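You will see chain A twice below: alongside chain B first, and alongside chain C after that.
So, the complex of A and B:
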C-alpha cells in the first residue's frame, strides 16, 4: 500500500503504512480476505472455468453454426451463410436423417425396457431381499460405473458371429424343448444391419437398467412403511400394493428417471462408436446423431455443419423432454 | 414385510438371480479371455474357465500399444488431478454457499445448478477449437482443467456442509482471529471427510472412464489415456481379442476394487443429486 502514496494523495505516509492501532481486547487481525468478499472469491473458480470452457464454447458453437469455415485457413476465413448449414442438414444430408432415425430407435428400444425392468426390480429389491440387498443392488449397479470402452470391447467379443458367447447361448437355447423355436438355430452375424442396432440397444440396456433400479429404490425407501402395512392388513396382494401405492407415489421419480434416459439416450455415442469400430457399422446401421456430428466435424472437417447438427440435436432433446413433461410431468 | 416363500416369490428370486448373472457375465468373460490365447478364444466352444496365457496377452498388448503403461500413467495422473482440483474447488464453493450470507447467493447458486442442464455435446466442437487455440492439444491439462469444478460437486458439498457444520463453529473460529480461508482449510475441511470421499470417488471414476474428452483433444499415442489406447486396438485385420481383454481387465480392475470398497457410498453419492431434485 505505502508504495502507492503519490503527491496527488496528500495522505500521511506514516499512518498509511501502519494500520491504526486497535485496543488489544478486540484482537482482530487484518485478514487478506475480508468476510464480505470471501464467498465471492470462493465461488469464482467455478464461474471463471465455466465462462472459459462452458459458456464461450457454447456461444461460439451458435456463431459457428451460421458460418462456413475451413479451420485450416484460420478465423479470418469464416464466411457468414445464415441458415444455410441448417437447411443443408435438414434437406440434403441423408445421413443426418438416417442417424436421427437410428438415435430415436435406440432411445426407444433400449430406453423403454430399462424402465419396464427397473421398476419391478426395484420393488423386489425393496420388499424381498433383506440381508442380501446391498450386494445384489451392487451387482446390478456395477455396469453403470465401468469403463464404457473396455466393456463395449468385451461385448464385441461376446457378440462375434463364429465364436461369440451370445451366439453359443442362443443356439444352445434353440435345443430346449418347449421354448426352442424362440431362439435361432444358426449363428447370427451381429454386424449385419438388421442386428447391429439390437446389439447396441442390449448393451445400453445392460449398462443403465441397474442405475434406474437404484433411482427407483431410493425413491421407494422414502414411502412410509405404514402404507404397506395398512394395505397388507386390508388384504392387498404384492401386485396390488405395487399398483396402488408404489406406482402413484413414485411418479415424480419416474418422470425424473425417464427424463434422464431421454437426455442420455439421444446423445448416445460411446457404445455405438466402439461396438461398430467407430464406423457406424455396415450401412451405418449403428450410427447415432452424436456420431454423425463427430464425423462431420473431425473426419470431414466441416465445423459449421457439425455445429448446426449439434443444435438441431439439442432442439430434438428439448422437444422430447417437453413431450415427456406433458406426458408424465403433469401434477394431478 | 417378510412373507412366506410363495411360488411367485421363488420365480422372482430366480429371475433376479439370472439377471445378476447377466450383469456379471461380461466381467467374468473379460477376465477369462484375458488369460487365453486368441486361438483358444476363437475355438468352439469358447473357454469358460481361466487359462494360462495372461502374460502372453500382456506381451501382445504391449507390442501393439508400446506406450500402454505410460497411457495408464496418464489416466492415473489426469484422474488424480481432476479429483484433487474438484475436491478443493467444489468444497470451497460449497462452503461459501452453505455458510455465508451474501448478496445474490441464491441467484448465483441457481446459475450453478442451471449449468447442469446444458448439453455437453453441443460444446464438443468449440471445446476442441478452444484447446487448440490455447495450445493445449495433447496436454493432460486439457482434460482436467475444464472439469476442475462442477455443479454436482458444489451441490453435494453445500448440502453436506449445511447439515454437518453448525454456523456457531464458524463464528467461534472467526472470533478467535481465524481468517476466512483458514476457516475453510482448518475448520471445515477436516470435518467433511465423508463428503470428500464420495465426491472423490465419483470424480476419479468419471475421469478414468472419460472417452470423448481424450478422443477430441489427444492425438499422440504416447499421450493417450487408457480408454483411447484400448480403442486403438480395434484396427483392421486380425483383432487381438486376448490382448483387448487383458487391456480391458486392467482398465476395469481399479474400478472394481474401488466399487467393492465403497459401493454403498458411491451409489448414495451418485444418486444424491437425483433423489433431492
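So, the complex of A and C:
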C-alpha cells in the first residue's frame, strides 16, 4: 500500500502493464525495500555494533558479577556465587574502601579547584581578551586533547625526586628571603604516600581546567550584552556584574560541567595509573577505584569481583550525580 | 574388537600425523620482546630441518601479550600453537586448565627433566602435576656492584656477600666514604630473603594446601633486614625501572643492584653505558640463590597444530645448537644444561671488567631451589609489599605487620 504513494508510481504502473510473469520479482523487490523497513535496515549498523560492543558487555558484566571466574580457565570454569562478590567487596575488601576514599579525595581536591579557577578564568577570557581570545583559549584547551599517557610521562619526569624540575624550583624558592620558609629545603619524594595524591590531583586539575573554562566561556557568550549595559548604567561594578548576572545565568552550564567532572573524576584511571607505575604507589596512596577494579581483574584474575566493583562504582557515580542534580540542577 | 582395533587406529592416526608433518604446516607463535628474538633466530635454523613448516610470529609487549593470552584462553579463540609464558604468569596459566599437559603422552616432557636447570620444572607445574610449559631461558640472580666505589670505601666483595648483616654494614661504610647508596631499594633485600631459604617444593607465600605462610620467621627476618637497611640510610628508596633508578646508575648514586644476570645487558645497553668496566658481578649475599624471570613455551589445548608446535618447542628448548644460538645472540641464559657448558660461558664480559661472570651465573642456576608457584603469588606479593612499606615508613611493628599481611592474603584469595 505504501509503495503506491512513492514517486516510483509511474514505474509501478508500467510494471503492471507488463506481461504478468515479471510481476512477482518486482513485488518481492518492493517488499524488501518498502518504506516500512528501509529506515530500520539503514539504522541497523549502529544497533548491531551497539548490541555487540555496548549492550552485550554491559549485560555480561552483570551476569559475571554473580560468578567467580578466572578467565585463564576458560568459560566453563564460571561458578555461580550469587551475591558473594558484592558482599566480599563491601565487607572484606580493605583496598576497595581505601581506593574509594582515594577516588573521592582526588575527585574533590582536583575537581573543586577546576571550577573555582575555570569560572573566573573564563570571565577573564570573555571580558578582557580581544582578538587574542581564541589563541589563548586554545592554549588552555591543549592539555585536554593531548594523550594522557604523554602527559603523565612528562609529569612523572617533572616530579622526579632527585632530578625533577618541580623539586629544583621548590628548593630554589626556599632561598628567596621573606617567603623562603614556605618552601621545602630538601627534595620532596613525590612517591611517598603523603605526596602522591597531591601530585595526581595537580596533574588532573591542570589537564581539565582549560576544558571547563571553554565550557563556561561558551555559556558566557550566550548571555545578552544588554544585561551588562543596563547594569553598567545602573552603576554595577565588574564584580557585581559577575556575581549578579554572569553567575546566575551560568547555572545550567555549571550543573553540566560539574556533572562531567563528577563522572570523570570518579572513573579516574589513566593519570594515577601511569604516574604510579600501575601499582597505585606506596601504600596504595594513589590507587583509585577504577585502578582497583583493573587490578582485581587483570592482576588477580578475578573477573567476577571486578565486575561487582564496577557496578558498585556505577551506583556511587549515580548517587553523586543525583546529589549534584538536587544541588545545582533545580530551576529557580 | 575394540582392543584389537585401537592399536591399529592409533598407528593409523600416527601415520596420518606424520603425513601431516610432511605436508605444509603453518604454526603460529605468540611471544614478547626480547624473548621473540629467540624465535627470529630459530626460524631459519628450523626451516633448514623442516622446509615444509612455516612459522608465523606474533609479538606483543610483555604485559599486552599476557593479557591477550588470558583473553584467548578465556574465550578459546585466537589461540596460538606455541605460547610464550613468562615466569610471573606461569603459576596462573598452570592452574588454568587451558593448556596441554606436557607431562603426558604424546609429549612426555618429563624425559627431559634431567637435562634442564632443575628449578624450572616445578615452576611450570600446577599443584596437580600438570606441566604447561618447557623452560626456554632462565634468569639466575646476581649481585651487581660498582667495584670503583667499593674500593674507595675500602669494602671488598667478600664484605658484601658474607652475610646480610655485613652487607648492611658495608653499605654504611660506602655511604660515609662516597655518599652513594648501596642499593636502590631496601625492598630488594626482602624480596631475596623470602626466597633464599626455601627447600625444594616449598612456596614463597603459600604452602601445598594453598594456605598463606607469611607470618613466619623467614618473613620476619626479611622484614628486619630491610628495616635495618632503611634505618641505616643505605638505600635510595628508589623503585626499579623508574627515572631515579636509571639516573642513579648514570650519576654513580647506586653502588649495587641485585637482579637477574640479564641486568648486565641492560646496564651496558642503556642504563649506564659510561660505567663500562666499573661493574662486577657476585653471588647474592648470605649464600642466597634466586631467579629473576625466565620463560616457558607451552601448547594451548585449542591449538591447531599440536604435533608441529611441540616439535618446534622441543627444537627451541632441548636442542643444544638453538639454545647456544640464543645465548650468544642475545644473552638468553640457557635452561638446557648442555648449552650452559658451551665455550661461550668462559668468555670474559667486557662491561664487567673482563670478568667471566657467566660461569658464576651457571653455578647459581644449579643452586636455585625448585620452589612451588601459586596463582595467587602476585596478590600476596602486593599485600606483603604494602605491609613492608608500613614497617619502613611508618615504623609499624614487624610482628603486627606480618600478622596483618597473613590475614589480608587469606581474606583476599578466598579459598
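Methods note: the second predicted complex is superposed on the first by the 292 of 332 C-alpha atoms of A that agree within 3 Å, B and C clash if a C-alpha of one lies under 4 Å from a C-alpha of the other, contacts with A are read in each partner's own complex, and residues count from 1 in each chain.
Everything that follows uses one rule, which is that a contact is a pair of C-beta atoms (placed from the backbone, for glycine too) under 8 Å apart; a residue touches a chain by one contact, two chains touch by 3 or more.
Nothing here was measured: the structure is a model prediction, and the numbers come from that model.
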For this session: Tell me which partner A:119 touches in the superposition: chain B (first), chain C (second), both or neither.
Result: neither
Exercise. After superposition on the shared chain, which partner residues are touched by A:204: those of chain B (first), chain C (second), both, or neither?
Worked result: neither
Seminar exercise, completed: Across chain A, the partner (chain B or chain C) reaching more residues is B
Exercise. Thinking of the overlay built on chain A, is A:291 touched by chain B (first), by chain C (second), by both, or by neither?
Worked result: neither
Exercise. Can A:250 be said to touch chain B (first), chain C (second), both, or neither?
Worked result: neither
For this session: Pick one for A:100: touches chain B only (first), chain C only (second), both, or neither.
Result: neither
Problem set entry | First (chain B), second (chain C), both or neither touched by A:142 | first
For this session: Please indicate which partner A:307 is in contact with in the superposed arrangement: first for chain B, second for chain C, both, or neither.
Result: first
Exercise. After lining up the shared chain so the two structures overlap, which partner does A:258 touch, if you call chain B first and chain C second: first, second, both or neither?
Worked result: neither
Exercise. Can A:58 be said to touch chain B (first), chain C (second), both, or neither?
Worked result: first
Seminar exercise, completed: In chain A, both chain B and chain C touch residues 71, 156-157, 162-164, 277, 298
Exercise. Can you list the chain B residues touching chain A in their complex?
Worked result: 1-2, 8-9, 12-13, 16, 19-20, 22-27, 29-30, 33, 41-46, 89, 92-93, 95-97, 100, 102, 105, 108, 112, 115, 118-130, 145-146, 148-151, 154, 174, 177, 179-181, 184, 205, 208-209, 211-212, 216, 226-228, 230-231, 233-234, 241, 244-245, 247-249, 251-252, 255-256, 259, 263-264, 266-267, 270-271, 274-275, 277
Exercise. What residues of chain A sit close enough to touch chain B in their complex?
Worked result: 27-29, 31-36, 38-40, 42-43, 45-47, 49-50, 52-54, 56-58, 60-61, 64, 71, 121, 124, 127-128, 130, 134, 136-151, 153-158, 162-165, 168, 206, 210, 214-215, 218-219, 222, 225, 228, 232, 238, 256-257, 260, 263, 267, 269-270, 274, 277-278, 290, 293-294, 297-298, 303, 306-307, 310-311, 313-314, 317
Exercise. What residues on chain C touch chain A, complex-wise?
Worked result: 67, 70-71, 73-76, 92-93, 95-98, 237-239, 241-244, 247-248, 253, 375-376, 378-379, 382, 386, 389-390, 393, 408, 411-412, 414
For this session: Within their complex, state which residues of chain A touch chain C.
Result: 70-75, 77, 88, 92-94, 156-157, 160-164, 189, 191-193, 277, 279, 282-284, 295, 298-301
